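My structure is below; once you've seen it, I'll send some questions.
So that you can tell them apart, the chains are marked A, B, C, D, E, F, G and H in the order they are listed, and the count of residues begins at 1 in each.
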């Protein structure tokens, strides 16, 4: 639209006609990339805050743990329903790998947050498919709201993974709701998603170990050896898996280094707890540390 | 229910993914290398147009070059067969340069034969691939544009060698064509990337060709019959 | 607000009370930084498009020059009135240097665009103060619009530079208009600005020379030697100024290298034009190149 | 009208700016260096608390350290005098580490004397600077927090040395204080910057102090009188 | 005319040579990759010794790891078969890290089983390759030393984890062993290269293990029956 | 006890080995440096062909340059004498650039004298080394090709300077020769390495020479008597 | 007790020494900075020779530049005064680039005025410093050579701009002069350092100037009256 | 004509100078390498003090180490002989690390023997070199300080190992000594350079030793007879 009114060149030339089309395509792509970068930055920021929130749980026995988990859950839900839904709309009908660089940073931070949350909940590692399903959405437009804030009508379907739809969706900022609403009239409800690549998943898990390490160090003072040893086992499992992967990807290699440092820190923490406990009988240890005796 | 898997399962899955990925990339790499070899062969054939005798046997050279595209199509088909649906850009870096090269080759032949700018449609037809992403294996717009820029460099070289071969009208036509291409590129909003850098080089190609036109003009070697109607 | 409902720690502790305040301050600052980064990215993108638009003018004699300049002017005006006005609101009451890193990239690209525009207009270099004044705004809120697009009531005052106001302005995304409207009821019309640092100005000018070089190479084919020599003089003037600056700043030094390369390219272009012209009498040259003879 | 200036004028102006800027930075650099020297002297004085005898002469040591703050205030006033209005962050890197160090020193003295956490207000008072940015030369919040983190490292060292000096109640009080500080820091949302990194180190300080408490506890060396009411 | 054919003929020869060379490299690359995968599998098996239960089942773990060396030997034989005579160093970079890794694995197993330092002879035997260069495929001395240094890092980690597993005598024995290794390396005149850098890490490992011994000593956990009964 | 002596003994052996190795490298380094100096001297002699008068005294210059090859042969013999059997590639990086330079020099002289492309056999003869790897010290094919590419840059410079010396037929012959070389290189399947990068420079050299031919053509300076009479 | 005082006394001495040292460095830094500013001013003056009109007023420009050397001499004298005997190289990095720049400036002026190569003696005279190291403050040979290389880059640029200013004989003379300089540098046995790297740029400058001469030759612009009348 | 010979003559001079210079550097390099080897041998001897038995045979170990200093002195004399007057700092980087290492060795022996801080005078005496710069080959103060810092790391390690060897009083004395050293360094106004960075490591050493003292204290292992009887 912007430059068409300028008559610099021979408008009738087929070359010029073709390049006008190219201009349009390029601008559309760059604009979409830019919007995705911004959404990704938002995801990063919000995910980081979830992680910090979860780090506020002291050890494995905190009495406020449930409250924290509830708040973290709400925040994660908001990231999915707000930011990721917008990303999914942008990516609808696209080859997601084309725009991967634009949102990979946010995705990895989000995976770190989600897996950390899950670990707090039940000491398990969230699998790839679960995370992918959380980022699938039915497209169902609110009637006439213009704001970007809460989208009450969006449902997170927890459906089995679907193929990416072919139909492209108009960018959000040009009255996207209308046009996508229009689409849905034709095609009924459809499912859109943000692709979680296996590499992003595993790099997010690598980052998770950094947070596990922080959690472990924080937990030493509780003297809960079992909890600490459990964290150490979990880290070892991830570590052993990573060393079996091989030199596939530069990023994995780089993160393995960090992971090894973190594991050493946790192993040293276990060592400290063990050697500290060696000076009194085992059964007294927990009491001492929980402050139940000798005060 | 299947959703809950043990940590060990997760990593076993991922390792399988990595192995499969590596094999696939290996496969792609070999196939792309073969294509690059064929593309190089075609380019070597086309180099003949720069020889004094070559410019006159332009269509024979083009025919010879085009006969090689059967191989290209076969090799491309084999490549496409291994790429998972919707993951073109996952492996983009593997064939980015190959496709730019192929665009250049097709565009160069098209120019030599018809003196027009190739369209994405023609290229897709020649290579037997899709025009737009939605339909499958296609050529990324930026790669297409890079291919055109490679062609203009080759044309600026051809303008020089045409004079050596005493074909004085060709540089005129090349000048007009590349000039239009330059105008086209100026319409684009580029980022500070390789395309922008390559486009900056186009200015020097244009300048070079303009100098040839100038040299011919001041020596009265410019053909009287104007460039208006390009031969087709 | 977000974390206050979690009762992890002794709320009565003065330490905890203090840190709640710190949390609030830090989050506010990070959020503002984030908003500025996004605005800066927009400015970069829009400024780049202005530069590309201006590069479409061929040589010094293009007949569509006026149309292009008009369109560029409109676009620059939009960047000022839209993006920079928002940046100014964010920075109101702040030490602008605190957030400089967030918007310096956009600012430099904008300066490059503005100075390139000015050079096209009258072959002069826009001075620092002029650019600064364009980024001063009277704060005057539109009555009830919620969109961010056109702000018809904003006036660009071209007033002498004013000191930065002390009064802080609420961030844009929480119904900023209302609150700033409220402010203006108290304090009448006030002037806000985005600070243009001298360093950003000079680095923008350094980038300008890259565009001047592109313009020069494009102009060779017109054979307008005067125009080319004029560009070369302009670049030499900037170059000579830069070499007199000294090794003050790493960025300046780095850009001086690029500038030297660009100057060499333009000097070589002048050389080419000169040597090319040597083979026929001077008075014939322009005619030949404009295609007026011999055809 | 004055707005239109020649290119030459513009660059002359900028060169003047650069020269003025360089001189100003030079001036700041020298003034900050002097402040750093004084801060180092104060720290050396405070090091005495780690000596076996030192812990008992805590208040004398603090008095001696505090007497040096006159110099600090004078030097700070001289520094502030040269900084242009509203350009604190322009030169932030020049004094960032100095201010962190000063916060640490004031906070450490405050703790030694009252066993409470210093407030930004107290620090501003001691240093005779402003609390908030709007009022002028102040301490950036992140620098303030860095200073507190430096203090907790020093306190973890003090807990160790207090035991050596056979003061068994102090580590208990330090443990409670640093524990609270740790809880405070956990409320913050940090970026991946130096503050985050430094905060990660705090975990190890906390761990160290907890180990001292543990060592005292299992040996029955923990004083009966509880840590509840910190002496003030 | 004859010149054309000559140049072209010569380069056709070169082309064949270069293609064969590239295929050889490809072949080596694939074979090395397979070896690396097996080596990684072995390493993963050995990681179990760091588990609290693992240290007690040391010999079972070693047996399991050793059973994989059949694969290694087969894969190595296949690799060696494709390397032309006298060109070991031409492709050295391809397998340098692999061989360091294999030395580390063999040396680590040897230590776990016998608590002695592996010799180059044993390694050659286990891998079924030559000891000295002149005889064919061998292990470069610097690669051998790098492997030993990798082992000492793993041992310093094991010393820590042994304590966690309440095996208090093992760190004593590790300390003695790594100390001797350190003395050995001090005899060498290392250049400023990767080996030197890695050796600096060994010094750090030694200190780390000394601290473990210290921790055990001061808590009276040092086993009374001295290190005497280690196999020597 | 025996363990200590063993480790120590083993490392004493290693020390001797490493020291001997280091001395060998030092020895090679010095010998290569001397060769580089002689090569530089030969190049300086050959530079004279770029002078206006030089091009006419081509054969005298070549004779002078060739007389220096006695020294080269003596120095190479000394170098070869110290390299252990089968370790050519172990020290390849030490003489890689030297050999490329020597190939360039021999090829350049050969061209100046006969206007033909040197063969690997001739080079081996001039340098008194082996042609193929299996026989001993030889020139790696990639180094040989690098040497040829260096020569074509020198020839493109010579084409320019020949015009200055008003020898208008030489650029024509150079164009033909370098064109053939270019076709030859196009046959090769180069990896993305230094050779490929250097080959890209050849394309630039070809273009440069084509422009010289163009300049001569358009100004009617191209000799009418065709390139036929070049020595072949 | 005496030990304490001893350590403390010793370090008090060190403190004084280090402080004095730091002040000296500060002093040198400021003095060098001033010299650099003057050198930059001279360079800016000399830039005028690249202007179309400038080349004709060469001697006026040189006079203007030379008048600034009084300041240089005064500033250098002040600098030399503070450097302790025998510590030239201790602070070499402080003035290394300054001296290279000064050599360049003096050499460039000398060339513009007399078209000869400046000697180290002339430079010492102009700057009023020593020629050889033993006598005191001097110019390191490598810095002198770097200065000459800077000059040849400037001359290659001047050759281009002289043509633009329609002075067609100057590029001829520059070509001859820079060619001689190139031959001179080829005599040297340069290490792989910054000098070697800079010398590679000279080779490029030489080629550039040869192309200018070529351009003039082919267009018949080479002045018939040869370079004879330059002062030699 | 005369110009050519002049440039060439000048550069021939330069060539001789540069060659001589390069040989000198080579000579220094070899001599420094030999010294480093001897220093490494001395360090290996001294490592014995960290062994459980070693700490008791401290003076025998020191004697053995000191006997090697004859070699050091001879090698140093040979080195000094080749350094031109007033060019110590020209080659400073060649021996900077060697001298730091030598200072460390002498200071460590001195401490082991007398438990006092070595003076620069003693070091000069032991090494038979000058104390102050003006007299000739000396030790730069910063290198001296670096040597002391290396010693304190070694002492912190010794404190750990002394406990392992059940020598519980030595850590007390080391704590006192290193504490004084720390106070000394705090007096200095260090720049942000390698010395400052190394000094930060000293703070860590001090903390480490304090923790040893703490461990001894809390377990009642601190010798009742206070540190009084240390030799002074």
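Here are a few things to note about the model shown:
Following the convention adopted for this analysis, contacts are C-beta pairs under 8 Å (C-beta built on N, C-alpha and C of every residue); 3 or more make two chains touch, one makes a residue touch a chain.
According to UniProt, the chain labels map to these proteins: B, D, E, F, G, H = Translin.
Here the structure is a predicted model, which is why all the values come from computation and not from measurement.
With steps allowed only between chains in touch, the distance from chain C over to chain H (Translin) comes to 2. Seen from the Cα centre of chain H (Translin), the chain whose own Cα centre is farthest off is B. Centroids built from CA atoms put chain G (Translin) at 34 Å from chain F (Translin).
One finds 52 Å separating the Cα centroids of chain C and chain F (Translin). With each centre defined as the average position of its C-alpha atoms, the distance from chain C to chain D (Translin) rounds to 39 Å.
In chain C, 3, 8, 30, 49, 56, 244-246, 279 are the positions where the chain touches two or more neighbouring chains simultaneously.
Shown for chain E (Translin) are the residues that touch two or more other chains, namely 183, 187, 189, 219. All chain pairs that count as touching, in label order, are A-B, A-C, A-D, A-E, B-C, B-F, C-D, C-G, D-H, E-F, E-H, F-G, G-H.
Here chain D (Translin) touches chain C in the complex through residues 2-5, 7-11, 13-15, 17-18, 21-22, 85-90, 92, 116-117, 119, 133-134, 141-142, 145, 180-181, 183-191, going by the rule given at the top. By the touch rule above, chain E (Translin) contacts chain H (Translin) in their complex via residues 179, 182-183, 186-187, 189, 207, 210-211, 213-214, 217-219. The residues of chain G (Translin) lying in touch with chain C in their complex are 33, 36-37, 40-41, 43-44, 47, 50-52, 157, 160-161, 163-164, 166, 212, 215-216, 219, 221. Contacts from chain D (Translin) toward chain A in the complex involve residues 179, 186-191, 200, 203-204, 206-207, 210-211, 214-215, 217-218, 220, 222, 226. On the side of chain A, the complex with chain D (Translin) involves touching residues 48-49, 52, 55-56, 214, 217-218, 220-221, 223, 269, 272, 276, 279-280, 284, 288-289, 294-295.
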